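What follows is a pair of complexes built around subunit A, which joins subunit B in one and subunit C in the other.
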Partner chain A sequence: MISATSEFTSSDLAFMEFALEQAKSAMSNLEVPVGCVFVEDGEVISSGSNRTNETRNATRHAEMEAIDLLLERWQKAGLSLPEVTEKFSKCVLYVTCEPCIMCAAALSILGIKEVFYGCANDKFGGCGSILSLHEGESEQPSGCPRGRFRCRGGLMASEAVGLLRSFYEHGNPNAPKPHRPDPSLSKARATVPRGDAVIAKRPGKKDLQGGIPTPSVPPEEAFVPTSQLDLDTG
Partner chain B sequence: MISATSEFTSSDLAFMEFALEQAKSAMSNLEVPVGCVFVEDGEVISSGSNRTNETRNATRHAEMEAIDLLLERWQKAGLSLPEVTEKFSKCVLYVTCEPCIMCAAALSILGIKEVFYGCANDKFGGCGSILSLHEGESEQPSGCPRGRFRCRGGLMASEAVGLLRSFYEHGNPNAPKPHRPDPSLSKARATVPRGDAVIAKRPGKKDLQGGIPTPSVPPEEAFVPTSQLDLDTG
Partner chain C sequence: MAWEIVRVPDKPPGCFQGTTVGVVASNVEPKLANTLVRKLCLAAPLENLRHVKRVRRRTLEAGRNELSIILCPTFAGENELEGIPDDVQKVINDYQLNPFIAKVPKYSASSKEEWEDQCKLWPTSYHPMANVEGFAEFTPDDSHWIISCMKTALNLATLSQLGKQVKNAAVIVDPSSRHIIASVVDQTSELSGTNKVTEAASYAKDPETISFSEAGENELKCYQALFHPYTSDEASRSYFEVSCLYPWRWLEQKSHTEITTVDNGNKYSWHPLRHAAIVAIENAAARDRQLFPNPSNSSCSGLQDSAINSPAKRQKNVESLVQEEIKSCLLEVMRPYLCTGFDIYLVWEPCAMCAMALVHQRIRRIFYAFPNLNAGALGSIHKLQGEKSLNHHYSVYRVFPSTEVVP
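Moving on, here comes the complex of A and B:
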């Protein structure tokens, strides 16, 4: 799934630059920095960035933001559902982090043509890391009404990781104190809230007590930047 | 996953009746009849029905409609993201058809407590039929930031199937003619558009040409009502 930057075209790089700008915009709004753009016929037709904090909605990932923008526009233009699907079938998504399972399933339902992503999401990724929803029915029982789409990762991954690392190194001001582990309390059992992400190598078991899943992070690994980020916002 | 109706409480039945009313409302609007309600502390706090045709958005499943209604309300009330998650952790969803992979992932991200569904969605179901996203990290590598939720199917399944069967027996007026197989043309190769569903035992391979996945249905099996429905709208 991961490819060297040299394997991508200059257009791919330019579009991912645009997606990274969206991620930076998210970061300036104190959101986890993930961004994306949809491209049709070589033109950016929609963009989005993670807005989980602002909307208090943990599902408002960058992809969902950009998708809703597109759909609203196409609905206003009077396109029918098959016409919308036809439009999506020509769209390419550039997103700074691998789409999560929910977003990958949505992209499949909508019939996206192709996805390029930056860094992998090895905790919730739906395009190869945890599940391979982009592979459509090929991995499923025959007849599953999900669309297959092409997918390549590793496009400007270091830039995407750099943004996320920078965000977490400076702390997430929107993270409520009781859920935000204090690195200085390295002996304490660290937990993070849902909708937030931790840069850690191997988060431990989730604590489902109280209904809010709080992945515990082994103290010695909390906030150790790696190239694989634990995200549920991409 | 499937349980006899006698195993459910009278409250469960009452809430699923409400969800079925939403499904009937969808049908009256010429939408695929799938409906749901969210319940908190024994009270219905949100409801939704499939609106894929009206919105020209194949992802506007009943669950997403009801979720967005709830989130909008909680956002207006000024709840923080952790408070929203805390609220979801007390919510029970009753939905007439098994949540699809996208919806099940969204429910997991949001931290839902429990789901009761009617009929299984054996082509796109995310709660046991195709994937088991309700099982959270237990089936995934440790540390996956997805929440586990309880899930039971088979609650008034026959009623849910009956609605869907009735809808398809009368034909879906929103389905564009070229994609809508005419039952009288039983020898022809029948195809259905994305966002639509076919009552058939074993749909064949998908035709991804042209970008609109159109699961082909072996003629002899098209529109043969079964208890397992091929849905991508639940």
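Moving on, here comes the complex of A and C:
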């Protein structure tokens, strides 16, 4: 089996290293450790990491943070709309975890050129895992669908998974607690003897529906799957 | 003609009748049940079988009880015991269990009758509200409120139309207090025209403002103007600014190329991702931070700990522990977690980006008026509400404006 890493160039590795740094800084802010960088013409032009806890906005994923920085900067610099679309079409994204369905759709809308990701996002992934939004617009009579981008995973996946794993194993101090039991939900829980609802509510653990993974990675996988991690913020 | 509220199904109709799936189960001593349930829920959560109860209790002849417990899903195939995860295998060894393959209902029941049938096989949970196909069962009062909320969204879209282009509108409400949490329109193109609309309709309004007494003909005419079906080029052009309908269109825009420097306090004068739902979520989060500035640090009692530490509680069955936990949660007056318990009203079915954003933010129910045949992710192109792997599932409803609006 070919090591997944060998298909990548040294600059790919360097950019992903940078994205991992972003993920680590998220972790030090008690955020789920996912990070990314945008690269244009071989240069890092933007970076981002998860800010979902701080903002209480679960859509503030690393990709969204980095995209907003770019749009703000380009508009301040007076770039016209076609100039901005032109720039996005030259951008390559390096992100530690496969973009979720939301972010993959956003990247497609922006018309980005290419995405490299670390670990797969088996529960929320929008670049092949759950949906394939990198394939762009569905069925265009005119031919070429808009919003298609190249996408490759497995770049430094074990590093990305390692961060996530250590984050979840140490618990997430900002973990959501169910403050407002939804009446329909509490009804559902009242009928338990399935106790997973019970365990999911334990303070200090974020949505442990997947439980804490005992790392049992099938060796045949090219890169570490994250099916056991709840990559809500991927 | 009255308005109608119809559930948008999350799976193809009629596919669950009698469909079963294999799981690995074992009979257990009743006194072990609590311990085993706890261990197994960690080691092998039943992610795709949320409706299936973990334990089955059957009364055999002579009044004997038989307790069976689901150990884990099948991994190697429907009828194979192979592939049991190590953690589960350890439980099997430790407690000397005899695993066998049991059949459980694959999908949640869609009717009371089906549920009763299912329970003969294996107990499941049944939530009438969550499974109604076709007409949703809302009380007249609820229906009235839901329609009022949708009218609020339609009115926002109508207002934005005065600025020549139609936009999508999003209204997040708290159905328990009947307050508006956020109400916005698309902010993908220049903000100038829309600011007034959003300001006028922002933040927690008085609940009364959502009743539409003076509806009548004018209102209907407005909606009608909004929703000309895609007939001519002329008509469909006015929908181009509905972000979720044409998410990629901004790539081709050649107009308003001269962007004036941003000095109106907004970071962007345009932004291809600021679809109405995304902006509404942002406003709801801002409201949350404003109303509850401190991160919360206490919460429901740690059920796990108390169950382990107190021998008295250890005797209780899981049900009563859960009941207790729910009670203690209800006693705490806490800020909401994200948008848990909130509903959103959208004029058009959201695109994949917006639909997934609403999963992330834990919206409880989505109501939309018009389908999005170009890029809709809640029935038209994708069906996110039926995506089992996601960690949160909302229910989706279409609110059909009365036939005068949509011929």
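Throughout what follows, the second predicted complex is superposed on the first by the 168 of 234 C-alpha atoms of A that agree within 3 Å, B and C clash if a C-alpha of one lies under 4 Å from a C-alpha of the other, contacts with A are read in each partner's own complex, and residues count from 1 in each chain.
The rule we apply is simple: a contact is a pair of C-beta atoms (placed from the backbone, for glycine too) under 8 Å apart; a residue touches a chain by one contact, two chains touch by 3 or more.
Note that the structure is a prediction, hence the values are computed from the model and not measured.
Engineer: Return first, second, both or neither, reflecting whether A:90 touches subunit B, subunit C, both chains, or no partner chain.
Structural biologist: Once the two structures are laid over each other on A, A:90 reaches subunit B alone.
Engineer: In the superposed arrangement, which partner chain does A:113 touch: subunit B (first), subunit C (second), both, or neither?
Structural biologist: first
Engineer: Based on the superposed arrangement, let me know which partner A:147 touches: subunit B (first), subunit C (second), both, or neither?
Structural biologist: both
Engineer: Scan A:79 for contacts with subunit B and subunit C and give back first, second, both or neither.
Structural biologist: both
Engineer: A:100 in the overlay: touching subunit B, subunit C, both, or neither? Say first, second, both or neither.
Structural biologist: Touch status of A:100: both partners.
Engineer: Touching subunit B in one complex and subunit C in the other: list those residues of subunit A.
Structural biologist: 52, 55-59, 67, 71, 75, 79-82, 85, 100-102, 105-106, 109-111, 122-124, 126, 130-131, 133, 136-137, 146-147, 174, 176, 179, 193-195, 197, 202-203, 208, 210-212, 230, 232
Engineer: Under the definition above, what is the set of subunit A residues touching subunit C in their complex?
Structural biologist: Residues of subunit A touching subunit C: 52, 55-59, 64, 67-68, 71-72, 75-76, 78-82, 85, 100-102, 104-106, 108-111, 122-124, 126, 130-131, 133, 136-138, 146-147, 174, 176-182, 184, 186-199, 201-203, 207-212, 214, 216, 230, 232-233.
Engineer: Going by the contact rule at the top, pick out the subunit B residues touching subunit A in the complex.
Structural biologist: 52-53, 55-59, 67, 71, 74-75, 79-86, 88-90, 100-102, 105-106, 109-111, 113, 122-124, 126, 130-131, 133, 136-137, 140-148, 174, 176, 179, 193-195, 197, 202-206, 208, 210-213, 215, 230-232
Engineer: Can you check the complex and tell me which residues of subunit C touch subunit A?
Structural biologist: 33-34, 37-38, 41-47, 52-55, 85-87, 125, 127, 129-130, 247-248, 250-251, 253-259, 261-262, 267-273, 278, 281-282, 285, 288-289, 295-296, 299-300, 302-304, 317-319, 321-323, 325-326, 329-330, 332, 334-338, 340-341, 351-353, 355-357, 359-362, 364, 375, 381-382, 384, 387, 389-391
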